[in-house]
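Multiple structures follow.
One chain, chain A, appears in both complexes that follow, with chain B as partner in the first and chain C in the second.
Then we have the complex of A and B:
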């Protein structure tokens, strides 16, 4: 049998037996090659016009410029701060409402029957489809952006909380009851700790959905923020500005998730699902 | 996006929790008939409240929320007469064409790429880091670049939909192929299967549920992203209608557009679930990407 089959048969069984540095080397080489190709394509005069794709060096220069001096009303940090603020408001609101409601929906089945039709009707409307109506309701303000973040983050909070609480083994609750715990005590001391890891996963999804939705909302309305920055880049025909904005959005999104993973490991050490890393 | 699957409430695992007759009624799971009755009453109450609040002497201004009858009239009008150059059917057609086109294109590239990344270690080592770097950038953030590169024509929207759909296609097919039990492959080898037989008869067959789940997630992402792209760069489509209606304060039309966007999203999701059950009845869920 050829090398192909051997690779497939051994890979899942003895994952990690290969020197750990090799995959990283391949990855670094691939990314390096990509960057080099990008630079080469823009370095040859007339091959790719800088209007279409600026050279990587131009993007770095633009990054430095955006940090130093304001563009479209604020520096890069200013835009990022505005975005983070809107995102924070929307996400905190979604968690504040979604967590209690999710627990209530799982804990009180009749309430679930009452709420489910409305929820099912609304949840297939993507967050961005709310942008036009949110603009009418709240004007071109921070409220509009925060509302879109809320709409994007809320379902993830509520669905995962409800799922987490529903999946708890009823025997655990009965055991607590047998030992004399009241309903409130069983909820606080048994149900929530057991459900916490799944709930936290829901929160992580909510945080990231909210961040993505915010970018979309800022593209359409608003006078500041990272989404606004890249739309201004498009209007001013500056691909470098767009690329700086996109990178910042991606890096901030990654940082947010890394922080949350860290928090999850520290706050909920008892059952943190850590995905098996891909070799 | 990810993990947004809600099972019908009566099928939640915790439903067993309610079977206990010692529980007070508010902790007990309603029976199927009771459940439907409550849901129906709730739905009716919702529409009644909407109707009552938006009457001329009601609490809510028609500019905030139009009465139900306005929405229905807007729907009928949109269907028969062109709005912004096309009838409603043509706008829907335009949206569908782009979303399906971008999604299929992403599948055409992403499915083989993902399978290759799951099957060959080196393909994964090379391509996976690139995806890891591109993944945190929301597909929507590509819209300005797409407009700059391709203008506001169809190709810009197809490009953005492609970007949104390719990640779930690739990630799910890679995960599906990568996580196949090595024993299955060895068993096939022992029975004398050739490489191509293993790939087609063992690997792709076993991976099928996850592949289809990837396709479903990709379609959902594609639809969400298209709506956003239509808000920014379009000359037809449902998102385009919605934004224009919001600028001209035609609330009825705006709500019709939102309702159709939601209905089509639901249709995609249900259709893909049915497809999953049809091609892979043993399937569970996919990797959220």
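Then we have the complex of A and C:
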């Protein structure tokens, strides 16, 4: 039974293997069908006005144009880079603070008692509700955008780290102690590696929350970024620009997730090791 | 001669609702160098508590743990522990698990490798050196745990019901292997079990505990030159002297169970 479960979870990791290829094929077919339906809707004269929904080919042409020449202050790459930079700063900050604090909350019950109520209260203020106060504090700057990313990404980092660390069997830490390990060694060689899968799950949520919050914030504040690009598309009555921006946002978000999954696989060989019969 | 480890006047009381509960009355127990001492007793007699205190993982309410006549201090590699639930580090391979204590002690790389290789050989783990714990059977996992505890050359090895989570066949094999290692290499061991047969088969001395609260009831020596030494456990169990010792211990424990 466990053998089967392990095989099922590790199957997609084996690049190009038969069971992994088929779902990928279905997925590609679904995206293809979607694109075809879109094209069909725009190809029938008078069915959908191109002002409302431009054809996929118009969007591709707009995509090429946005890559070649600046629109609203930057090329598509420029806007994407600005967004990625803001996202990166916010997310790194969320990890840098969330991981150590998560460990501290798991290991220090008094700290948990002090911090948890305030944290829970703050957690239910949506990231967007912080935009006005962030603008007041930091102006329409990278700092403001990064702060919104941080606010969106931080809870998933800290909550999952705390959960992961508090779920570790204390007997492992005891075993490490009897072998001479101090708390720092126990943390580095036992606690964090064992907690890592759950922490990675938290990072995935944090990364996507941060990305979504950023685009939202860029719609309202700032002079660059993908969110800004699509708001400019609306002002200029260019549905194609909006669709290029939306697609780029979706594709970059997916790529971020794929990169993280790849990192997780490399970082946690023991989680992905295929159970092979040894006895 | 100073014993290798001495448990001197160790007791443990827990604070519960509206008062204190004595888990362990003051206990005295000495383990000589090269001696294999087993503690047996009914569930709830405090033998695991005694073990955790001996390991330095729990503080006694009174009393001291001495190693070579000096206070043992906090937990550390002079007293390593083999736990019932193996407690292997899941993110490390077999070889990395075994090397853990040596790396913590910053033993030179070449020596670490040599000592790990020696343990892998000794415990029959050589072909599993790069496997992760979850890829191994329970018996193999416990071999890794024993190797990991022995490789640091502890003053005393503490084994807390190490075969309690294994199936009957695997348990028998490991009992015979530990017995063989002990006869060849003369480790100093404090062993905890609820199996009387296991206690007699492995030990030089069996300590019987009683419960409510836990205390040491009797110590029974098992001669090192008994006729059944070196035999497989099945066969050893048919010897009259083995059965005699086993019955004697079992009567002591039965009285405890019936009393409550």
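Basically, the second predicted complex is superposed on the first by the 237 of 279 C-alpha atoms of A that agree within 3 Å, B and C clash if a C-alpha of one lies under 4 Å from a C-alpha of the other, contacts with A are read in each partner's own complex, and residues count from 1 in each chain.
Definition applied: a contact is a pair of C-beta atoms (placed from the backbone, for glycine too) under 8 Å apart; a residue touches a chain by one contact, two chains touch by 3 or more.
What you see is a predicted model; the values in this text were computed from it and never measured.
Colleague: Once the shared chain is lined up, is A:211 touching chain B (first), chain C (second), both, or neither of them?
Modeller: The first partner, chain B, only.
Colleague: More chain A residues touched by chain B or by chain C?
Modeller: B
Colleague: Return first, second, both or neither, reflecting whether A:125 touches chain B, chain C, both chains, or no partner chain.
Modeller: A:125: touches chain B, not chain C.
Colleague: Quick check for you: in the superposed arrangement, does A:166 touch first (chain B), second (chain C), both or neither?
Modeller: first
Colleague: Would you check which partner chain A:175 touches, where first means chain B only, second means chain C only, and both and neither mean what they say?
Modeller: After superposing on A, A:175 lies in contact with chain C but is clear of chain B.
Colleague: In the overlaid three-chain picture, which partner chain does A:190 touch, first (chain B) or second (chain C), both, or neither?
Modeller: A:190 contacts chain C only, not chain B.
Colleague: Shared contact residues on chain A, chain B side and chain C side combined as an intersection?
Modeller: Correct list for chain A: 174, 278-279.
Colleague: Within their complex, state which residues of chain A touch chain B.
Modeller: 1-2, 4-5, 7-13, 18, 22-23, 26-31, 34, 51-52, 106-133, 135-137, 155-156, 159-160, 162-163, 165-168, 170, 173-174, 201-202, 205, 209, 211-212, 215-216, 219-220, 227, 230-231, 233-234, 237, 239, 242-243, 245-247, 249-251, 253-254, 257, 278-279
Colleague: Within their complex, state which residues of chain C touch chain A.
Modeller: 55-57, 74-77, 79-81, 83, 85, 87-93, 100-101, 104-105, 127-128, 131-132, 134-137, 140, 148-149, 152
Colleague: Which stretch or stretches of chain A touch chain C in the complex?
Modeller: Where chain A meets chain C, its residues are 169, 171-172, 174-181, 185, 189-190, 193-194, 196, 268, 270, 273, 275-276, 278-279.
Colleague: Which residues of chain B touch chain A in the complex?
Modeller: 1-6, 9, 12-18, 20, 25-30, 34-35, 38-40, 42-43, 46, 63-64, 119-122, 124-130, 133-134, 136-145, 147-149, 174-175, 178-182, 185-186, 189, 195, 198, 203, 223-224, 227-228, 231-232, 239, 242-243, 245-246, 249, 251, 254-255, 257-259, 261-263, 265-266, 269, 288
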